[in-house]
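Submitted below is the structure of interest, expressed as structure tokens.
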Amino acid sequence: MAEKPVSEYRGSIHQQQKDLMLDWYQRLDHAAETGDPPTVSMMISGNCVELLEGFGAIPQYPEVNALQLAIRHQSLEPILAAEEMGYAGDNCAYVKADIGCMLKGITPTGGRLPKPTLVLCNFVGCNTYVKWFEHVSAFTGAPLFVLDVPFLRNDTPSQADIDYVVRQLKEVVGQMEELIGRKFDYDRFRQSVAYSSEVEELWSQIKHLAKNSPSPFDAYFDAITLMGPLYVYRGKREGVEFFRAALNELQQKVKAGEGVYDQERFRVVVEGPPPYPYFRTFRDMFASWKAVAVASTYSTVGGLWEFGFRHDAKNPFESVAMHMLAQNVTNRNYLQRYDQIRRYVQEWNADGVIIHFVKSCRLFSAGQGDMRDYFTKQLGVPTLYIESDLEDPRYFAEAQTKNRIDAFFESLEHAKRTAAHAVSA
Amino acid sequence: MKQFERTFDSLLEGMQDLSFAGVWRWKEQHPGAKSVAFFPVYAPVELVHAAGMLPVLLSGAGDRLDIQHADSRFGSFICSVIKTTMEMAMTGHLEPFDGLLFSSICDSARNLCFVIKRNYPRMYVDFLHLPHSTSDSSVEFLTEEYRRIVVELERMSGAPIQPAALRRSIALYNIQRSLVRQLYDLRAESPYLLRAWESYVLIRSGNFMPVEEHIEILKQALDYLPSRPGKKRDAIRVVIEGAFCEQPPLELIRLLENAGCDIVEDDLAIAQRWFTEDMPLTDDPVRALAESYVHRSVYSSVRHDFSKPRWEGLAEKVRDTRAEAVIFLIAKFCEPAYFDFVLFKKKVDEMGLPHLLLEFEEKLFTFDRLRTEVETFVESLVFD
Amino acid sequence: MRIAAGVDVGSTQTKAVLIGANGDGVEVLSRSLIDTGANVRKAAEKAFDECCQAAGVAQADVGFVVGTGYGRYNISFGHTQMTEISCHARGAHFLCPGTRTVIDMGGQDAKAIGVGPSGEVLDFVMNDKCAAGTGRFLANAAEVMGIGLDDIGPLSLRATRPVKIATVCTVFVESDILSYLSQGKKPEDIMGGVHLAIAKRTMSLARRVNIEPLVTMTGGVARNIGMVRALETVLGQKIIVTPDAQFMGAVGAALFSLEKLGESFESSVWREHAVSSGD
Amino acid sequence: MPLVAGIDCGSGFTKALVAAQDAPGSELRILGRGRARSGINVDQAASEALEQALGGNSRSDLSYIAATGFGRYNLSFRDIAITEITTAARGAFFLFPRAGAVLDIGSQTTRAIAVKDNGRVNTFKSNDKCAAGSGMFIARAAKYLEVPLEQVGDLSLHAAHSHPISSVCAVLAESEIINHVSSGVSVEDILRGIHDSLADRAGALLKRVGLKDELTFIGGVAHQQGMVRALEQRLNVKVNVAEDCEYVCALGAAVLGLRRLASRN
């Protein structure tokens, strides 16, 4: 058997991101022991991590824990534990894995996790978030604050929407002052917002590098590696340094004409979260066709920056509100997502779209059939639709998934060959 | 009595009529007037009414429409009300409506809103963000959100909504809600006079006719029912929880009753009992509407009030109606209901109350398995 | 004459086809059909062997073999593999020129394929992780009712009041059928109901691709006239079925083999891919 | 001495059991059992089964007939109809009063029942609409592997390893089984793998209703020793199997029938 094409990018930033994340976990472990620094549970999507900087607090992301668990093939046990308690087979498995860990005393990260000082539900589109954090709060007794972010009904948020979120952000600050017993450091907050905008600029440039052919990195699989620091270190100097190094390294690759594969065959846009329990297997299915993701919607869960948005230190609260309201994929409406993908296909020059339906997540998946319809029928973009889950290993059918991916690339290959044929004839 | 049965049959027919003949008739009688359909759970029908339009509930097609197209838009693991509603759209069943209103109940319903918007670009399709929290800033926000809807409605009707008209609408709906409350009280007191499936039809059918008509019907029913012949039966008193959005087949509600349950409380047709008190008639009725939503509405799995947990709401319901058991009746794939079940169950267990979880879909042709489960449940409570 | 083969190792049945090409054109030389059974590798060998014998061709003279179907990686003698999706599209394009949509119903799955003017796959969908509403569903129903597989289709056509089938589970459909039988429902109405239920299910899947005429049905279930008619009714369109419907995947595979022999296009990706995923 | 009959009108077979109580308050005594293919006519199958169960007694000696099972409402000569879940719990409790949970794996359903310490049902859970994990799954696998159903239990018991089945679908699992066979996995190992995965599924159901250290296993699949072992090992509980496990529901029906009779008199 010949060697499998290797797709994974292993530059020095890979190690750097590992170190950064390890450091974070150690700080959480320390907080579990000593209560310092204070921690706030928050959701990745539309997070307002800059606010925490104003208190010297650090975030905990249950989603990050859940996905770590799944990648390490350890998600089934806590999922089953949660189902024994009454969670349904069809509830979001992220929640089940998280709650299951809590009940079973499993620590997904290896280290301990502190009881959060505040459970801050930044509701941005996902209704499951509200339930999830309500349950966490009910089971741990940690105080809960629901930051209600109006869903984006139109293309841009209204002034009423922005005012509403800003008011609530200030309420959160008030509540944290009480809980943490420290005054909010506005200057530090503003500094953090400034760091964020730098990180965002760098990250956006990185994303645009994928417009090169070959693309220096995979904007789905590799992007996920870079997303950890994006959420945890966005509002920090370390974050700026990390992303500067990442941009540098990838720019070097572009200069040298290096891509993910020695010969890039297909460029695709991927919609939907990955099947973490089969992350490697899934990636290999793309690698065997030398297909690279040049863009993905999942990498914009935390924030959507490649189209220009930056946090703004001059209007820190408003820009945080704006980010939560309009600049992350989950709080944007479905049609805006279609448009985002359409732009990727056109501007990043992709051959097709791959829609990964995950049963856990209705936010992403409800209506993906229509999305598929839009791309195949209205735009004529080849689109593949596959189903599995992002956390629950019971929903991954390897042979079927592979069959579909093979068939999809076979058809793209065929189309390319006929096109080439038509030109030469 | 004959009169009641006759009215009842026509109500049943009206509420199951996918051609919405009643809506067409109303539009004929009111030339130029519009009709706006709203997806469950709650919608500010008062605004629609005050705009001179007919608000109509849009909640799937039950087992009356085969799904042939919608599956291609909404895949696996999505509840059936989403799919049948999509199917209705794709098969021309939404023609009678000039607008559709969705709200922030769950992710599936939200995405449905935008999918329909894409496929029917000429229709007014809007999404209402109902706040997930209960602070004063939520009232502030919701007032603005309602004003946004008001502007849209005014644009459609071509005439402004006068505060006086809105107050009149609110007053009417206050009457309707108070009659519905009376009906529930009657049922909880004497379940043998009014079966749950009957009261369900009486109430739910109000979503498909002008509120003025519905008020008359409710009044007549309340006049007649206390004198209705009927005798107490040996049954357990149960509360039904979880069917706030997608509705179970009528057959299933009857099945529960036939298996020996007196349903003394439920969250079916919850939108028609949304406010715990009459809405005040103030100078700023839009604000009153928003305030009532935030501070004076019932608990529900799709409304979040963190000052009072929903499970306490359920506990109160149980106590108020002296129920002996809770049946969780949950639509398959309804995530809000699934999540709440966990915390509800915890509470109900603490109260030492027996409970049963049943999942349903709009389309059920054979009820054998469900019947067995309900009967077993009843048997476990009555056999010694 | 160049001779090429396609072997379609299905979950239920294994099909092999030999085709030959000379200056005048391409023709199907022979076909064989056997049950896949427990030993996939053997089934493939046997089908190929029978096919060669039927055509009177020595195996060594077959220039190229493409394997397809769910057992394609178990073919010991195949030169490369392709998915059945590409093969069905290709076969239908060849045997039913003008095909724009393929509905393939096999033993354990159902697919719909959008086909381009040169036989390329534009789009496809398949059922998932559940054998509900597949050929097996029909086979089971036939077994429960004690009717031969060949007869269920014609029987279903006589239905006047088809029953409603609630379950889609291939296994549980048995009890639905039994309970209808015990209610005294007529066999044709039950079978009519079964066919209609599957047709609706299949069409709701198929509607995800652009269903454009000509619609060609392939796979073993295409031999069931009742199913073809039921699909036509639900779709409201004529469906083309050729006697070779069940062999369509194998025919497509054989055509790809022939292309390989002629090396008409540069297509190294196949081989590379085949190596990387086979064992 | 009143005679009662419990009749379990199952989808495959109808089972009847006749019992007597010699004196009020005394133990119930089983007089006979009978079994007949259910077929289309419930009354007919029930009469046939009942005839065998009556032994020497006559139908007119019966004071009470309790029907249970899928076809319970179709039995015209019943005094009462009780669900098979209630009767399963009663029957199991009668036989093994210390077991707090009952697992019933029949051809179509898998059910877990938590039983209170008076034999009443506490909670229960059934599998849903999917044949994965039911007796039918095994029956089909046996057919594919060409082993008689009666030997499945033994074969699995003698497996050296457990070869897992990953497919969740009873139908699609067949191709997986075929694959295993063709790659040389022994029939024993495959069967054991099936039993193990069924035990895991059953375990998940059982844990949802509450499982302590003892379990009574009923339904046709309880005939399979291999399944019993799989349950014991994977769930780490004591598993009781009644010798005539398919009569447990009929027994439960008879027990309840007797009680109704007593309360009537």
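Per-chain residue numbering starts at 1, and chain names A, B, C and D are given in the order in which the chains are listed.
Simple rule for what comes next: contacts are C-beta pairs under 8 Å (C-beta built on N, C-alpha and C of every residue); 3 or more make two chains touch, one makes a residue touch a chain.
What you see is a predicted model; the values in this text were computed from it and never measured.
Undergrad: Quick one: which chains contact chain B and chain D both?
TA: A, C
Undergrad: More C-beta contacts across A-C or across A-D?
TA: Per the contact counts, A-C leads.
Undergrad: Just curious, how far off is chain D from chain C if you go by their C-alpha centres, in Å?
TA: Taking the mean C-alpha position of each chain, the two centres sit 40 Å apart.
Undergrad: On a C-alpha centroid basis, what's the spacing between chain B and chain C, in Å?
TA: Each chain reduced to its C-alpha mean, chain B and chain C end up 47 Å apart.
Undergrad: At which residue positions does chain A touch at least two other chains?
TA: Answer for chain A, listing residues that touch two or more other chains: 86, 369, 373, 385, 387, 397.
Undergrad: What positions in chain C touch 2 or more of the other chains?
TA: In chain C, residues 70, 128-129, 208 touch at least two other chains, as defined above.
Undergrad: Hunt down the residues of chain B that sit against at least two other chains at once, touch-wise.
TA: Only 71-72, 76 qualify.
Undergrad: May I ask you to sort the chain touch graph into line, ring, star, complete or other?
TA: complete
Undergrad: Write out the stretch or stretches of chain A touching chain D in their complex.
TA: Listed in rising order, the residues are 80, 83-84, 86, 394, 397.
Undergrad: Flag every residue of chain B that touches chain A in the complex, lowest number first.
TA: It comes out as residues 71-78, 82, 104-108, 110-112, 114-115, 117-119, 126-129, 131-133, 135, 137-138, 140-141, 144-145, 148, 302, 304, 306, 309, 332-333, 335-336, 338-343, 345.
Undergrad: Could you please specify the touching residues of chain A with respect to chain B in the complex?
TA: Where chain A meets chain B, its residues are 85-88, 90-92, 95, 123, 125-128, 130-132, 134-135, 138, 144, 146-148, 150-151, 153, 158, 160-161, 163-164, 167-168, 171, 333-335, 338, 357, 359, 361-363, 365-370, 373-374, 385, 387.
Undergrad: Mind listing the chain A positions that touch chain C in their complex?
TA: Of all residues in chain A, those touching chain C are 1-2, 4-5, 265, 288-289, 369, 372-373, 376-377, 382-383, 385, 387, 395, 397, 399-400, 402-404, 406-411, 413-415, 417-418, 420-421.
Undergrad: Flag every residue of chain B that touches chain C in the complex, lowest number first.
TA: These residues of chain B touch chain C: 66-72, 76, 363-366.
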